[in-house]
Amino acid sequence: MSASLEKGVRVLKEVIDAPIASYFSSCVHCGLCAEACLFYTETGDPKYTPIHKLEPLRRVYEQEYTLLGRVAKWLHISKPITDAELAEWQELVYNSCTLCGRCSVVCPVGNDIVYMVRKLREGMSASGNAPEGIKGAANRTVTIGSPMGVRLPAVKAQMKHVEEDYGIPIPLDVEGAEYMVMLSSMEIINFPEYLGAIAKIMRQAGKTWTLCSTAFEATNAGMQIGNSDLAKVIVSRIVEGAERLKVKTVISPECGHAYTALRWEGANLVGRPFTFQVKHIIEVLGEFQEQGLLKTEGMETDRLTFHDPCQLARRGGVIQQQRSLMKMIAKDFVEMPDAGFMNWCCGGGGGASAIEEGEELRLEAFKRKKAQLEAVKPDRLVTACANCRIVLEEGLEHYQMDIPVIGLTETIAEHIPEKGA
Amino acid sequence: MNEMQFLTWVRGPGLDIALSLFVLGVLWRLIEIYSLGRKKDLSAPRHKPGASGWHTIARRSVPPEGMFKTSPVSYVGGYVFHIGLAIIIFLFIPHIKLIESLVGVSWPGLPSQVVDLVTVVTLAAMIVLLADRIMKPTKRYLSGFQDWFTWTLTFLPVLTGWLAVQHLLLPYTTMLALHILTAELLLVFIPFTKLFHAFTVFGSRWFNGAVNGHKGVPV
Amino acid sequence: MTLERIPIRVEADDLPMSGNAPAVLREIGELLHRLAEEGVGGAIDLRSLPFLPGDRVWLEERLGCGEVEISLQAGGLSTFSETRFPGVWWVVHRNPQGAVVSEQVEVTRVPDIIVADPNDVRNGLANLNDLISGLS
Amino acid sequence: MTMNKNAKLLENLEWQGVSRRTFLKYCATLASLMALPPSAGRAMAEALAQAKRPSVIWLPFQECTGCTESITRSHSPSIEGMIFDMISLDYQETLMAAAGHQAEEALHKAMQDNMGKYVLIIDGSVATGLDGAYSCIAGRTNLEALREAAQGAAAIIALGSCAAYGGIPKAKPNPTGAVAVSDIIKDKPIVNIPGCPPIPVVITGVLAHYLTFGSLPELDKLGRPKAFYGETIHDRCYRRPFYDQGKFAKSFDDEGARKGWCLFELGCKGPVTYNACASVKWNGGASWPVEAGHGCLGCSEPDFWDAGGFYKALSMPADPLKMTAGAALAGAVAGVAITVANRAKKGAAKAAHETTTLADLEK
């Protein structure tokens, strides 16, 4: 056994817990989870059945933590995990899984399959079996501070642009602000409108907010690659920043995994409850709307639909807010089939979009989104995750569908009246 | 061994052994599984978690949105076969008598003719599910020895029970003894095969429901 | 008195039938055909067949009553009732206590046991001659 | 009453004033009871009429005399008729006038006179414990007596469940080491006529068959004449329709019991008992246990005494569960043991945790 494999198996032994044991003991091989997974439904290849993606984890569980499995291992009648096998499984655990969690909500025996994929990734990454693309992103996040290699000067440059464009100052490192706004590199590089939108919204709501010079990047490639140690390094920067600035709430940007990393995994990664709240920007907007702090004028007249990011809706519990926000600014808001809780993934979540060799499969899986869109034929597609946005744009372009993709926050901000106007 | 000795063995020492192995296995496996424990979730819950785990235990019995259409055979077959089994096991009067003689609790049963009909339907559902397992690529792909084995283990007691009651194929004595024997085999294997889902399904659904309830997602 | 008069009776509204009675009726037809053609009949033992109460009633109704009714006192009462099909007899043997010990449908011109045996005739003749000689 | 021991059977009957019709009727009835074709009645009558009476030696071992009681209440034909007309019962302790040395002499004389030709009837099981000392007659163990008597026998009839299977003496814990005749004697044809007691007419039927055809009747796996033990009590039971309808008496004094419903749930062993009670009945054809309102005990089956209680339905567990509590404990112990081992393993994995660095992402 190579040292890296040994480390991987040891990590798996560490993460296997009662829920995993219960899940593996409950699976009856009914195959229903396959029907919930877009990589299966669009390819028809049974190897993409979610529970099958967990074979190595199941075997480690059985061999290490069941009496019969231990006996079988001792008698050398069970098949040990090999490096080659884990390498083979890379495609199943990363390329063809976006951690969208649809399988977990359809399993009739209640198995939380995505929970197990996340755990299996711990062992995969520790044994060196993570895909190059995500490894690179993790590397950049840890060493440079952002998966796309964005450093503070770049952020500052964008801040300057936005201040000029919108005429609103962008606060940085303001101690005691109510909100600390996080960004994703996508937003810094590709969608700077987001920062302007935040400035407008906060000004209208009359809230104090700030960016943090030591923690502006919210995305967490450590979590995507499935490594808690690296994820902890990344999330700790945010915790330190928020605590240093004594903010009440940290706002996760329009990025699904950033939200999950911070909101649900963060406290567990650092090993203590947060002293601040974590909210997704859509949740904050929803609160503002409810409290009458968000006022818009004018309505979009073209046909709009909303793509629910998995980590926000199904995995995060934010489902209603985006709908009432959409209705606030859109006359013709239509829902795609399966929208909301059961929405289909864009196909690039969970780090999948960073895997170059997975592109073909990703585009194949995108047919599901294509079908959803064809069912409602929107003029534009709104979402609340920068990663979804990029993946959707790529897919739409590939299938030559002329549907622009926009972010919900910016769209809302466009309807906020200029100050004094 | 003649039929009577066979029957006497299966309803005497055989039953004792089978029930003992079953009880032993169930306790051992439940402790083995749930004693692994899990970490406390330190993230702030969206709502007070409440009874979401319990809700999921109930809610997961209903197919989620859109799923019924994708796999009608699995759902209909699954319902018929599980409900059928429950009716046969718990509402057939001789079985109630058996339970009463073991633990002293009893309840009203259904007329034998009704149970007869349910049995035929259950057998049919199991055959359909087997055919589905053979025909459907995902199911066939996932299936290993255990899947075929446990299907047989579950099918045989139902079949032999029905044949015994109907007086078909073999003399009643032999068939009754075979019925009891196959039921005993089923009992023995429950804790050590995927059939253990009969117990862990509640834990699994509860864990899933609790995790999601913490996030405010109703699953 | 025979205890058969106080059995626990089956109270079912419809007497259950096994479905064997029609087959027996066909078998009787076969035997009668043979009797007509070859002069050799046969018998069917009703007690060794899986007959339910309804089967017997069904068969009795179909066969009906004929012209001859013979009773025999030999180690208990035996009755030979010709059905409405000449040559088909319903035969019941009882023991000295009156319990039915055998029940058959016999297909023959006259049941064997009715015909006096030549040995018995000879014995009878001897006894009768003794009686006559005693007259003188 | 003087009788020619070598006369043909029918001559003796005639001498007693039994008519041919009566004899023919008896044979017809016997044939029908033995499930022989009706025409066999006449063949049997003709064969029996010419048959010489065989010598029969009857030895009682560990028994209660119930079998003898049963046979002496045989109704068709009467015991006197059967014993004196069909067979030459040369030794039967209970019935014979002779006693003591006289009886022993009669036995040995009968054996010598009919060496190789007599039919040996045994009732009672054979004690084998302490070399058979648990049951002795005239200073000899049953075991010795059986071995000796069997040597000269043409055939052996093991009468009653004790002789056939060991019966009640063999019931747990079987203190006398009781066994069946067939466990001791392996080189002679043996007919088992089990029942506690057996149906009297069965022995008549077996003897009649032996006299008519010169052979023993066809036997089942347990050595029982198929003619009488070919079907279960349940198959021939007049209450069977209620079973098929699912109507069961639940206690001996309920509505169902009064209406004569099936006694299955009251422990009737009819479905697993092969015997002819339901068609032959008992006491001159008066009734039989199920007709009297009590389930079949299964007395003609091996080890019926130990088969789980007379009042427990067949679908019920025969024995109280003895091991379950122990098994529960063992299961808990196994569970706790694996828990300890698992915790240790998981703890070790945690203790060995080295923080993953970027370098670790490579193999």
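For reference, chains read A, B, C and D in written order, and residue numbers begin at 1 within each chain.
The criterion applied here is as follows: contacts are C-beta pairs under 8 Å (C-beta built on N, C-alpha and C of every residue); 3 or more make two chains touch, one makes a residue touch a chain.
A quick note: this is a predicted structure, and the numbers were derived from the prediction, not measured.
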Using CA atoms only, can you tell me which chain is the most central one in this structure? B
Between A-D and A-B, the pair joined by more C-beta contacts: A-B
Would you kindly tell me how far, in whole Å, the mean C-alpha position of chain C lies from that of chain A? 93
Hey, how far is the Cα centre of chain A from the one of chain B, in Å? 38
Distance from the mean Cα position of chain C to that of chain B, given in whole angstrom: 57
Whole-angstrom distance, CA centroid of chain A to CA centroid of chain D, is 78
Which chain A residues reach two or more other chains? 16, 65-67
Mark out which residues of chain D touch at least two other chains, giving numbers and ranges. 334, 338, 342, 346
Mind pulling the residue numbers of chain B that touch at least two other chains? 28-29, 32, 35-36
What is the complete set of touching chain pairs? A-B, A-D, B-D, C-D
Chain A-facing residues of chain B, complex: 28-29, 32-39, 41-44, 46, 56-57, 60-61, 63-67, 70-71, 74, 78, 136-144, 147, 192, 194, 196-197, 200-201, 203-209, 211-212, 215-219
Given the complex with chain B, which residues does chain D contribute to the contact? 221-222, 232, 234, 246, 265, 271-273, 298, 301-304, 306-308, 312-319, 321-324, 326-328, 330-332, 334-336, 338-339, 342-343, 346
Quick one: in the complex, what on chain B touches chain D? 2-5, 7-8, 11-13, 15-17, 19-21, 23-32, 35-36, 93-95, 97-98, 101-102, 111-113, 171-173, 176, 180
Taking the complex as given, what residues does chain C use to touch chain D? 2-4, 7-12, 16, 42-45, 47-48, 50, 52-53, 72, 74-76, 78, 93, 95-97, 99-102, 104, 106, 112-113, 117, 119-120, 123
In the complex of these two chains, what residues of chain A are touching chain B? 16-23, 25-32, 34-36, 40, 44, 46-47, 49, 51-52, 65-68, 104-112, 115, 263-268, 271-274, 277-278, 314-317, 337-338, 341-342
